[in-house]
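My questions all concern the structure below.
By written order: A, B and C. Residues from 1 in each chain.
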Amino acid sequence: MFPKNTFNSYLIVLAMCFGAIGMHSCKQKPLTHMIVMTQNKGDVESRDYSKGDKLQYMSGSRIVAMNTTTPNEPLDELTSDFYSACSPKISYDGNFMLFAAQKNQDDVWQIWEMNLHNKKKKQITSSDHNCIDPDYLPGERLVFSKEVKNKDPKVDTEFTLFSCNLDGSNLAQVTYDPSTYFASTVLSEGRVIAIGKELWPEEKPANFMIMRPDGTKKELFYQMEQDHYITSGATEMNNGRILFVEANSNNQKDLISLSYNRPLHSEENLTSEIKGDFHAISPYHDNKVLSSYRPENALHFALYEFDVESRELGRPIYEDGENNILEAVFVQKKQRPRKLPSEVDLNVKTALLVCQDINFQYSQPTDSTIPAFKASKMEVLGIDSTMAVFKTEKDGSFYIKIQADTPFRLQTLDDNNNVVKGPSSWMYLRPNERRGCIGCHENRELVPGNVQPLAVTKEPIPVPTPKQMDAPKRELKM
Amino acid sequence: MKSKKVKIFFFVIAFLGLIIFIPGRMFVRHHVNQKTAVTDHPLKCTSCHLYTSKNKIVSNLINEDYYSPFNIAVSNDGKRLFVVAQDTGELLIVDAESKTVVQKVKVGVHPHSVILDKTNAFAYVSNQWSDNISVVNLATSKVLDTLITGNGPSGLALSADGAKLLVVDTYGSDLSVIDLDTKEEMKRLRTGSDPTGTALSPDGKKLYVTSRRSKIVPYGEPLVSDLTQIDATTLRVDEHKDVEEAYMMENITFTPSGDLALMTLIRPKNLIPSIQVEGGWMMTHGIGVIDQNNEGRIIQLLTDQPNAYYSDSFDIVVSPDGKRAYVSNAGADKITVMSVDSIRAIIKETPKEQLKNIANNLGVSSRFVIDRISTGANPKGLALSPDGKKLYIAEQLEDKIGVLNTETLKMETAIDLGGPTRITVARQGRRLFNNAGHTFQNQYACYTCHPDNHEDGLVYNMAGKDMGRNVTNTQSLREIGDTPPFKWNGKNQTIYKQDGMRFSTVLTRTEQFSYDDLDAITAYIKRGIKYPPNLMYNPHGKLTESQLRGKEIYNRTKDNSGNVIPENNRCYTCHPAPLYSNLQPADVSTLAVSDDSILFDTPHLGNIYASPPYLHDGRAATLEEIWTIYGEDNKHGYVNDLTKMQLNDLIDYLKSLGGPEQEDEGYQEQQTASF
Amino acid sequence: MNIQTKHFKIIVPMAILVIASLGFVRPEERSPVLNDSSDINTTNNSKEAEKPMPIYGNWKNYDSKNGLPGDKAYCVKIDGERILVGTHEGLAVLENGKWKTYTTDDGLAHNGVLAIDVDQATGDVWLGTMGGLSRWSTGKFENFNQMNSGMPNDLIYAVTCDEKFVWVATGGGAGSYNTYTRKWEIFTEENAPMHEPWTYGVCASKDKIFIAAWGGGVIEYTKKTKKFRDYVDPDGNMEIDLFPDDGVVHDITTGTSWANDILWVATYFGLSRYDGVHWKGYFDHDSGLASNFINFIKAKDDYAFICTDQGLSCTDGNNWVTYTTNEKTNKGKTIILNGTNKKELGESTSLAHNFILGVDIVGNDIWVATAEGVSHGQLKH
């Protein structure tokens, strides 16, 4: 099998070496000029992420690819072997696509990944319940929403955030409160932003919530105006803006821009002058985004380019008379988000919470004739019952060791056990998480004063008491 | 036959390869694990054998001498820039139009600031590491005089009549008043701790001096720093103003009308358990506004935003029309452009009782910040052209002077000072050290808690196990390369480990350093950080009589009664020269109830005079207190037989200690960092 | 250096002349300013003696009823427009007609304030207390004690600011604090010619420091050479001054004060005056001194103000004025001894008490600290 002379054999060895080196260094280059998008024939009027009471994904949707250099050529159907497929997200290297799909009409939705070069698909989740809205996490993982049964029978479904490896292993629950979480997007700083909506004991408006991928440090990112509701997930631009679609009280769906740096007070409506509805957006070139837009009186959503700076809608990139074009994503390599370290330790059953002052008020009352109701106790409310009531320190601080992965709410009480403030929104802490809050303050842009809370000079108060505390069950399966 | 030979040849090669590769790799892995104290560091010989080499030839080969511009002054006609090149000890004279360096004037060691007299006849350069001022004749570009100052001269101002030079002494924590006629120091006025910035009011009547370290108080008491107000006519201190919850007030300036003085500051959260970064729970950065029309009340405003922090605000200047202020955010590579009128509006409408809360509001910056401009690495000193149209920025770790067009708010082509174009590994490490980019939301850099590569004098609750436990005195990073392990509990055997995964989990709370970055920052910390010369307590490298007596006590083996002191209770046993640490853990009986049960890593004692407070939790405000209050059981050295005079001698000796170089050859030959 | 030949001929003889003159004239004789070792004060005094002694009166008293935190005032200092009074209950400050008290609650080291001096260069006030030394600068206190600093002892009897140094006389030795280097130096019987470390007073002249050391007389410290010498009672007699004017009248000294090249030394057994060559002793039986038991002394220009347990005396070395009070009637008495002429003047106002602990004089104002309050007098003539 070897050539007769040694020289030739050396040449072959050399060629093999170069070949090996070449193969090693020849990584797949990201695809260019490709836009993937969801096509759907159905009616999208009812799409409302914020409702949270039913699955948003419409049957029969499919993901197609378009080459922007040859827009007139037929679309490449990527999910022809699925009954429904949607929600495409592109990997950071631009070579793969995550999506949610159902193989057959009555199947549950699962998360899949496709190699965009060879169209090979890999099923990631094998759940008994619907899994939707995936996005890539750094470290070969993904985050997605999974349907779980809610405690309250009045609420049909609740979606909880989970994360797992790209091969489906190492499943981890991210959220633990009686809320539903959808449409997660991983921001470049490493956190996950998702639409979150409290469902129990009563429904509350949906907002954007943000948390670390392990579920720690969950907090409000953007609060919706009254009678407005979110109709798309968030998209991060290179200039630090966060874009999404919001419907106002007249059901006019506009593109909204937030500053990542100050999301609670930087809302700008980019399309108030444009009639018609927007559906979804994603980054395109420079200041431009791909937007799914339906002109006034038109039947279907088409794909448009929208300039965020000039606020001008360009010509349609793609439209057809039969389908709605939704969820278009430009295939490109992008910077990998930061891989945030996790403080979660599953060997620990508890987490710590410190509060600086339960009576903290940003604005001091100027009218001294109005009696100030001062709280002196804190009540920790669980799903079904009170978990603890305890006196706070003189400075209003408290420090508790609370059972991890257990939802709770807080309310302050006066000496006579009358409620002064609360209850708060649902919270939970992950195992070994340490969390701090300033107080029951209205201004969420405040940082704590540099004051040592009296409470941390003592041992934390256990909530619930050690006797009541059970080891949380962590055995998770798809 | 030949085919067989080839087969044998391949077999032998493969076999040898396997023999070398498998055990060799195992050996190397073991070696690297041992040297780095982590198990995941790449098998790169260069990490330890090149980047952190102490060999002078290797060090010279891999490193470069950068200029590291620090501060700037502009001539009255705007044609010349005077740039302090800190690392080469030069004043660079730059033609602003051609953007070229036209003259280099050698000044003292580690110069800090430069100012010009009214007629631009002279430039005064403060030389922080040689305790003097170089008076440069600008007609000849020669050093005309050298004026002796206090310790660590930094910020400079001239009195209104130009007759007095007012010099902030950073290490001495005072202000030297120098009579320019006699060229003698007239007096020193006490300021806050570690001052640098100073500004004279436009009417020439008031001088402010900012401090960087807070007052030393027991842990848990409010953090307060000093802003010293001096009557510039009588040259006496008028007032020591309390700046609450803030420190690191690097620089200060007045508006042209004199209605406001503005200073940079940091609002640290050292009294709060370090449990999260989100929500500004570790560090916030901003400005202090001293309202001259309202009894000099101080309003603090954060320049940070809820999800974005602009760390290590350094310099601040106000445009000639008084409309805009510019702040250099050294840790964020940004210039923050602010509307002074908006600041005026905010302070006008803010009632007294709201001052405390507004100082903690991350949303307020959106009311007065006009723009944030990206700059080169580590922007420090700022200077505006006389017409206010150009802002010159000393980009310390870019070796350039950035030029901001203040009309368009766009950066123009920077002025290249002609330094090395290569960024060495250690230089990259220095950039990382000074940049907050490796912290979640850029909230703080290494530099923030270790200003000047030292420590910030604060005690933090790192919340290692439970909140409220294990409060920790920040340690200096100067000359620690050969003093492992690190941390008070000595748990980190190497800097690779110290700055590795756990560092990102509990401190920076974002993605950990890449291995290349880890190599770079290790190289800088291990070899790039030098002690400033100890000119305060050992100016000539020769011990005084008192220090010699102290040295004898330090090295004594018998107590005053002639009894032998147990070996482990002698000073030199745990703190032997030249590192003044035996690198071993010890129990010195200072464990607090709130501490986990640990032994303390023996700290080195180089430049110990500059590191108050002392002990692991900062309980000792002075060196004396280590023994007068916390050494009663004789476990931290045998001292209770000492007379007060002997203790004074011992402390005098301790204060004289510099680094190993001082021990070897006298620190006057110590070189400035060339990284 | 290049010296041109034509100038060389002139410069050489000039240089010889200058060098020669240096050899013949002692540097101190060239100086028009007298230093503390000069011996021509007698002439000076004889001139001054022709001047009438200053007489103070119109006393106004302050105690716990009208401004002070307590009655016992240990010391008093006039600092520009304000008056600083060290009391047993804190530092009392009279400014703009109003008294304000600072105590340990405000940061003062100890409420018993025994000594006050003001650094004229910086304006900082240095307070010697029963529990440490406080630097009071623009309303803020910085405290030094034997635990947190190199200061010898927390019981501070006297404080003197001298250029960049602050000197203290304490129960554990004298100490000097270098405000530039923040370093303390301690002087006790171990390194200075003291009998024991107890020191009561300290004052500074241009080139010397004088420490009143209990049982050790006066300790003189030369700043330039850092050398000590002591002045003790040559007769060594504890009861009486056996040989008049042979030295300091007694080894138990309670205070020193220096002005116009004269060192005044207070003891519990009389007063001494030293002009650099000659000592002279004064006692209550042979001079106008109110009492031999002297608590404090303050020299101002040509006069010494002597605080005794029997009233306040003032002397120029020859003439005396003593102020006392009748503690029953609160009427004052001014006794003037001009040479041998003695005159007593009745006063409707008087010092707060005869037990005088401190005094300070600036311009026409005199302030006197007594066991029962502080008194403010004005120059009458």
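The rule we apply is simple: contacts are C-beta pairs under 8 Å (C-beta built on N, C-alpha and C of every residue); 3 or more make two chains touch, one makes a residue touch a chain.
It should be emphasised that the depicted structure is a prediction, and the values quoted were computed from it without experimental measurement.
Look at the CA centroids: the one farthest from the centroid of subunit A belongs to C. A summary of chain positions shows that the Cα centroid lying nearest the centre of all protein Cα atoms is that of chain B. Put simply, the C-alpha centre of subunit B and that of subunit C have 46 angstrom between them. With centres set at the average Cα position, the gap from subunit A to subunit B is 40 Å. Measuring from the averaged C-alpha position of subunit A to that of subunit C gives a distance of 79 Å. The set of subunit C residues that touch two or more partner chains is empty.
For subunit B in complex with subunit C, the residues that touch the partner chain are 150, 172, 174, 186-190, 229, 234, 236-240, 536-537, 546, 621-622, 624-625, 628-629, 643-645, 647-648, 651-652. Against subunit B, in their complex, subunit A makes its touches with residues 2, 4-6, 9, 13, 138, 189-190, 217, 219, 240, 259-266, 338-343, 352, 354, 356, 362-364, 399, 434-436, 438, 443-453, 456-460.
On the side of subunit C, the complex with subunit B involves touching residues 121-124, 135, 137-140, 146-150, 152-153, 164, 172, 179-181, 183-186, 188, 190-191. The part of subunit B that touches subunit A in the complex is made up of residues 2-3, 5-7, 10, 219-220, 222-223, 245, 267-273, 275-276, 278-281, 284, 302, 305-308, 353-354, 356-357, 360-363, 366, 440-441, 461, 463, 466-468, 501, 504-506, 509-512, 594.
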